[in-house]
Structure formats: C-alpha cells, structure tokens
Amino acid sequence: MPSDPLVAQHVLEFPGGYTRTTGPVIGRFLTELRARRIVGVRTAEGRVLVPPLEYDPETGEPVTGEYTEVGPAGTVKTWAWVEQPLDSHPLDRPFAWALIELDGADTALLHAVAADNAKAMAAGMRVWPVWSDRPTGHITDISHFAPEVTKIVSNVRAEYRLQAGGALRTFLEGVERGVLLAGRCERCAKVYVPYRLNCPECGQSLGDTFEVPDTGTITTFAINNLPDPRAPEVPFVSAYILLDTTDIPMIALIGDVPAHEVRQGMRVKAVWVPESERTASMANIRWFAPTGEPDVELS
Amino acid sequence: MRDVAIVAFAQTRHTDHDTGLTEPELIAPVINEIKERTGLRRFGFTCSGSCDYLAGAPFSFVSALDALAAWPPISESHVEMDGAWALYEAWVRLQHGDIDSALVYGFGKSSLGDLRTIMTLQLDPYYLAPLGLDQLSYAALQANAVGADRAELDEIVRRSRADGRGNPYALDLPEPDGEDFAVQPLKKTDVPPITDGAAAIVLATGDLATRLCATPAYIRGIAHRTEPHYLGLRDLSGSASAADAARAAGVGKAPVEVAELHAQFPHEEIILRRALELGGGTLINPSGGPLAANPVMATGLIRIGEAARHIHDGRARRTVAHAASGPCLQQNLVTVLEA
Amino acid sequence: MGNRCAVIGVGQTHYTTKRRDVSIAGLVREAALRALEDAGLTFKDIDAVVIGKAPDLFEGVMMPESYLADALGAAGKPMMRVHTAGSVGGSTALVGASLIQGGVHERVLVVAFEKQSESNATWALSTHLPFSASLVVGAGGYFAPHIREYMRRSGAPGHIGTLVAVKDRLNALKNPYAHLRIPGIDQKMVESTPMLWEPIRYLETCPSSDGACAMVLSSEAAVTGTPAWVHGTAMRSEPIFRASRDTVSPQAGKDCAADVYRQAGIADPRRQIDVAEVYVPFSWYEPMWLENLGFAAEGEGWKLTESGATALDGDIPWNASGGVLSSNPIGASGLIRFAEAALQVRGMAGEHQVDGARTALGHAYGGGAQFFAMWIVGRERP
C-alpha cells in the first residue's frame, strides 16, 4: 500500500541528539581516549575494569580512584562477523564485533575489528586500536581495532512505519468524506466518538458506525500561549467539545472568535476545509466556530 | 508461600505484519476471551508488560487500559518489561493474602520499526549504543562464545518451525534452508520472526483456582535474577543468572516434562538447557517457541502460558517456563508449574 | 496487606535543571548510596531492586534498568522496572513494598529517576504520531481545561492557584534538595508571570528537573535505624476514554484514597493525617486533590487552601517539601512524595519537618489523571 494516505513513516529522533553527561569515571575514560590512551579503573578487589565503571559490577560498591593505562593491544575473546553493516555501525564494510581483553585489563571491551573476512578472525588473536583522525572524547575515538601489524553525541533514531487501522481508519475515512462516525454501547447506553471497537467501561463491542452531527457544546477549554505546529497562531483555544447526541468530548481547536470570548457552554460547529482539499485526517476540520446559538447551561 | 495457580491462558493468532489494529484493539479480544473462559469480570489485581520504543510513542500502555473494561477503577500496575515480569508482580501481590485473582497481559508490535536496531537503544548509552551494536550482532557474539555445533543449531530451528506450524497461534514458517549468514555465525534462519501479538493469563488462589479450572497449574517456584550489563563483564558462553533463577525456583527438585524457553536464537536454547540442567527427557518448546512466534514483550508471558497449558490439558504434571530480558540473556525469570 | 513493611532509608539527589557532573548511573547511585547510608546498610544487604522512571524517550535509553542493573548492585539479584506514567514513582514504592508485604524479601531497594536534560521533556511527551483523532497540546494543554472546569464548578476565585504556587515555593526554601528556590517569592511575582495555558501561569507549573530518589524498604525483622511503618498501600487506574468520566475529580483517585484509608484506619483524613505529600504539578491541583482525597467536601477545597490550612504552619500541611511545583524529575516525583512522607514520620525532614508528624500520606498520579498510587506511613507499628 505505498500510496495509502493512511500509511506513513514516523521518526523518533531528538533533534541534535541526546546530550549525555558522563560523570567522572566515564568522563575520565573518554578524556584519556581523546588523548589516545585507554585506561581502566581498579576495583576494591584489585580487578581492572575496561571500560571503567563507577562501581564494581559484582557488588555495586564504588571503584577506587586508581586509573591504570591498559593496552593498547588486546586479545579477542569472542567475535561475530557482520557481512552487511548497518548505517549505524562503525565501519561501512564487512567487519567483526569483538570482545577484546586489553593487556592489563581484567574485563573485555566491546568494539569493532576490521578484518578482510570472517576467516581472518579467531578467538585469541591480537588486535590494536586504530584511532580516528579527530578524537573528540567518544567511544568511537577508537575507530576500530585491527589485527597486529599485518594489518559521541549519541544519535538515537528509531524509524517506524505506522498505519491507521481498526476503528481509527474507519473514523478517518469518514472524516475524509466530511462526516464524523460514532458507535454506541448498548449496555452502557453511551455514544462514543471517534468510533471505537469496544466500550472502555464494559468491554462490549460497539455496534455499527453511524454519523453524528458536527455541532456541539464546549464543555471546557484552555487558552494556549505556547505555539504549536498544528495551531495557526497564539493564543489559540483547545477545547473539549461534546458533539450533539454523543457522550464523550473530543479535543479540537476553536476558531473564528477571539480567544477570550470563548465560553464554557458555547455552541460550536465544525469548519471543514473545502472538499477538494480533504484527506483522511483531522486536519479536514480547520477548527470549530461559534454558531451564535444561546449557550447551553452546564450541570 | 501461598499457592497461586494459572487457571487460564489466551493469546492472539500472532501475525508477521502490522494488521493496523491499535494496541487496545489487539488486546481486547484476548482479554474478552479470558474473561469468558473464567467467567470473571473483575480481578483483585491487574498487571501488564509492554515497551514504548516498540510503538514509537511514550505511554503506549496508557490506552491499553481502554481494552479492559476497567470500570469501576481497578487496582493495576505496569512493567516496562516482558509480561512475564508482570506475572511475577501479580504473583507477589497475591502473596499478601487479601485478594484471590489477578489478570496479567503483555503485548507488542515488533512490526512497526526495525527491531534489530531498536534493541540497540537498550544498551549502555556511553560504551555500546554509540557503536550501533545491534540485536543480531550481540546475539552472534554470544553464539560464537557458545561454540555450538552447527548441525545442532540447525536442528533446533527446524524443530521449532515444525512445531510452530502445528501451533495455530504461531507463524507458519517454512523448513529452514539457505546458508546465508545474518551476522556470522548466526544464519538468517536463526533469527526469530518479526511478530505482532498479545497474551493474557489469569492467576487464582485457593478455592477460586479449583472452581475456575479443573486442573490448575500451580506455581511451585518462581524467581528471577539479573547480571551485569556490559557484555565484556560476562561469560557469554553461559547464563549465570538463568542458572541462579532456576535453582531459586527449584527446577531440579523433580523431573521436568516440558520446558518452554524464551530462546530467541537457537544457541540461547543450548545455553538455557545447560543453565536449567534440563536433560534429554524434557520436551523443549513444543509450541515452537520464539523461533516460531516472537511478539516482543509477550513472548516470555506466552512461555508461561504454554507451559501451563500442558498441565491444563492433562498432558504433563510438571513443566517449566523461562523468560528473558536484556541483551544476551542478561536477566532471566524461571517458573516451575505443577498439576 | 500482608507482612509489615517499613522505610528504613531515604536518599535524594539535589534536584536541578541540568546535572552536568554525573552519568545516568552516577545520578541513580547518588540517591541509592544515600538511602543505604541512611539505613546503615550496603548493597550486600539488599535482596532485590525495583527501578521506576517515566518514558524512556527522556534519556533515549530503552528499558534502562538493563544498563543500570549492576550500577544498583543488582547483579545476582532480582530486578524489576515499573512504568505507570506520572504515578510511576509512587507505583515503584508500592511494588517494592509489595515484595516485603508478600514475604518474598527482607530488604528491597527502590529507585526512581529522570535525567530530563539529556533531551527535552516537551519533545519526549509530544512525539506526534502520524494519525490521530485528537488534539493534545502537552501536559499543560491537557490539564488546563480540567482546572477551568474545577473553577466553574466550585466558584473558586482566580487567585487560589497563586496561593499554592507561593506556599510550595516558600516550603522549598526550607528543603536543601529542592530545585526551584526563589527568594522573595510572593503572589505578585506569580501573577506577573505569563499565562502559558490559561488558566495556568508560568509560576503555577512545575519545573523540569534532573534527579533521583531512593528508599530502602524492610520487613519487620530486618529493620535498622528509624523506621516509617507502612499502614496502607493502594493503586487504582481507570480508562481515559470512558464516556462521562469525571476528569476534575476522577473516581480512581477517590477509590484509591478510600482503599488506603480503610487499611490505615483513617475515617477523617483532615484530622487523622498530620502531613501530606501530594502530586501537585499545577498549583490548582491542590484544591482539586483536597476534595478528591476527602480532606474537604466537594467544592470546598479552595477554601482550605485559602485559609492557610495547607501551609507548613497550618493544621494539615500539604507538600512541606515544596512538592512537585518545586522539583520535578518526572519519573522520581512520585517516589519523592512517598519518601518525604516517610521522612516526616521518621522526624527526619529537617527544616521542613512538621512538628509531631505521626501519620503521613504519599500520593502520585499520572496519565490523564487516571493512574493513582498512594500510601500511608506512620511513626507507630501498625
């Protein structure tokens, strides 16, 4: 369904990347790394942790303040071969992940190893760091490890392909036609809009969809002074609107009226975009605007 | 400890693609089914497991409450973990003695994003995630550390897929063929299928358990353990925490007829059989296991449900279920069930 | 409610906009080690760890309990991760207490944290999905209409919110851990700040904080030092999209309070509770929760606030610590309420101690005011 307007890409990415403060121990390691030295930290029991942690992973107790330079060479403990690297991987050609016990360390560092092919990899092989040209204090300052002589702002991004299915698809397809679809729970005698499959109160399936009016009453609202991409300007009013014949308010924008003239109990009607501009989206309703009818008395 | 039994288990017919249903819509039929089967409309406690990063939105579990008919308001909690840990929380709550039933559910849609790289986000944010180390890569590291015989791994995949084809809830995956590596030594066929699904379990104590189920599956032991996170701090060829949890749950006190293991990759099954000291007499993952259906965040709970089903059906009297969390079996939960 | 449970250690970090000097592990360890020190214990003495925090998007680390396991001394032990939206800190305490009450463990470490400065809370809370049938504009935009409806129903005068905003910040000046410490805070200052989501003004909202809070919980047999005894625990949740839902005074909050009062033998909360730490992220939620929690009759909560009863020197002090309005590392905010309640009945709240506090309420809520967690702690063994 590549052309289905109800299928879209959704990206979760904090703009600019997460700013991670390192604390003293990780910070020391990364600082040394920037100076092209690899250090470990000693635990109270005398083990050297590489990369260093603030705590002994076995006991949770703080480590000592003693740092010791390790490596730069180390021994591969185990490895895995990546034939098709991902964009996020440190190398853009086939490579190995490896756990590397650096000389003088008691634990293994996880990093990438550049090798010609999987056959060139073996547990017990010796590897050396290859430094990046411009170290910045990041785990990737070691570009990768490579076999002996023979040869961080953290971007968090997750991509999704989301579709509006189930009841939401039914509802948004109605919106595309310029109608608001609801469902009724017979047991609770409540009308739900937007349409949904089950009653949140009793769990019963709602019956067939039916259209409800695009007129209603503002039950309550906020005047927003912080800009929002979905609102034309500030201040804008977001309101709970109880559509006529329904039992649950929808949240929508109010327009065509100065923000401070909006009232609880005010009668409003949806303002639809012209038919030619309609899509299966709530953007079809520009906002709700006052009808001029007398206000409704709220209980 | 108070006797707590699994009296009902329901799951979706898992899919290998996004059907477009929202999470509440995915869960609702399973909840309705388990309510019908037990005749219970209300539970003393409700607990669920799910993960925001699968859905790509914060608070993805909030709307799930709309699927429960949670009115009047219910006593409820949520773990950002596999539903198996929600079951553990409910079991603990039942130990207080003042309630006699609990509803547990777990759900996840792995189809929405790229699970392999989403799992990167779970790693140490200073030393591992910035390397882009992904799920298949760290699993491959562990597979190599195990050093298992290729024929044994292939046979695990073949058996799991064949069992999955016989399980109406699991996916229909073909006989594994092809020698392509995902990340060597992991073959593409060693990778669990992307799966969407949900599952629910009802726990009950005392008279209620026997009233709701002719053959309740009693929880005789349940325990979980974690170990250090960073892969270089662990012996990846085994799982100390799984072995600890198995001992604490009392797996070895008597023979185990069936074990449902949360082994997403074939080498994990080998590690877990050793850690749980399961002998040749134990049937492993007759449901097909995660290699036949892996709805992340429900997979572990389904293991417990499947292990219970063998007791409900009278096919076994002592079964074991295992659930895992974290990279390379970092955290493990073991449940021993008896008729 | 099972076996007896006590709080024997409390640890907090200083709450601030950006903790630039620590890693995520360093932040949570700071609170955990202080709680252990308070209890006179080390990680070795702990049987299990429960971690709580709000959405993982704040730090961009999915299920961070996995990475934090050994930082919290959990290697070889059981560890769980709780997430119940804004109420998560409270729920984390309750899950930890449950492990003691159920007789499963003797000593449990509970920790909750948020390091919001790693990203931006507004971004993390409003990652708009491509398809939606509804318009929601951040937490303030969501809650402001409910506050407006409260004002309409109760007839509360418009300045009540500013009274709470001032009172809680005055209390914060007495709490060394509090984030917002505003010398000279007064009603005029609050009124001079802009409306963000009318009727909510800038200084009537909570800050965005980095911070962590931890507690050591123990069984009766394992108590060390000064215990705060747990007299009642309760959680309640209700569906957000239920027709006719009362969003001003949600039924789940009322039911949760009734449950926890029943366990603690409380018939008249205003008289029997000495101090309450209640989740008030927008100032108007104080009068709203006063009614929801039965401290005042419906429509009368604002009168209690106006009378000064909830001030530190009033007859029922609310948020002596400065509350969420003064410190808000979201995932930890609920746990801080529970921990401050414990500090009060242990007599260890320092400058913001309420004299003679014997019984205290800890409260948290989350989602669209639909998830509730509460406990009552007391100086005496129940």
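Chains: A, B and C, in written order; residue numbering restarts at 1 for each.
In the analysis below, contacts are C-beta pairs under 8 Å (C-beta built on N, C-alpha and C of every residue); 3 or more make two chains touch, one makes a residue touch a chain.
In this text the structure is predicted, and so the values were computed from the model without any measurement.
The central chain here, found by comparing per-chain C-alpha centres with the mean of all protein C-alpha atoms, is A.
For chain C, the chain whose average C-alpha position is most distant is B. With each centre defined as the average position of its C-alpha atoms, the distance from chain A to chain C rounds to 25 Å. In whole angstrom, the spacing between the mean C-alpha positions of chain B and chain C is 32.
Chain contacts: chain C has residues 23-24, 57, 59-60, 70, 74-76, 124, 127, 129, 239-242 touching two or more partner chains.
Residue positions of chain A touching 2 or more other chains, listed in rising order: 10, 12, 18, 20, 22, 26, 53, 57-58, 154, 156, 162-164, 168, 196, 200-201.
Within chain B, contacts with two or more other chains are made by residues 53, 56-57, 65-66, 68, 70-71, 118, 121, 125-126, 129, 228-230, 233. Chain B meets chain C in the complex at residues 1, 46, 51-53, 56-59, 61-63, 65-66, 68, 70-81, 85, 88-89, 92-98, 118-119, 121-126, 129, 223-230, 233, 240-241, 244, 325-327, 330-331.
Contacts from chain C toward chain B in the complex involve residues 1-2, 23-24, 54-57, 59-70, 74-85, 91, 94-95, 98-99, 101-104, 124-125, 127, 129, 234-242, 250-252, 255-256, 259, 367-368, 370-371. Residues of chain A that touch chain C in their complex: 6, 8-10, 12, 14-15, 18-27, 53-55, 57-62, 154, 156, 162-164, 168, 171-172, 175, 185, 188, 190-192, 194, 196, 200-201, 219-226, 228, 230-231, 235, 238-240, 247-248, 250-253, 264, 281-282, 298.
The part of chain C that touches chain A in the complex is made up of residues 18-27, 29, 33, 42-44, 57, 59-60, 70-76, 115, 117-120, 123-124, 127, 129-138, 140-141, 144-146, 148-149, 152, 194-200, 239-245.
By the touch rule above, chain B contacts chain A in their complex via residues 18-22, 24-25, 28, 31-32, 35, 53, 56-57, 65-71, 112-114, 116-118, 120-121, 125-134, 137-138, 140-145, 181, 183-186, 228-233, 236.
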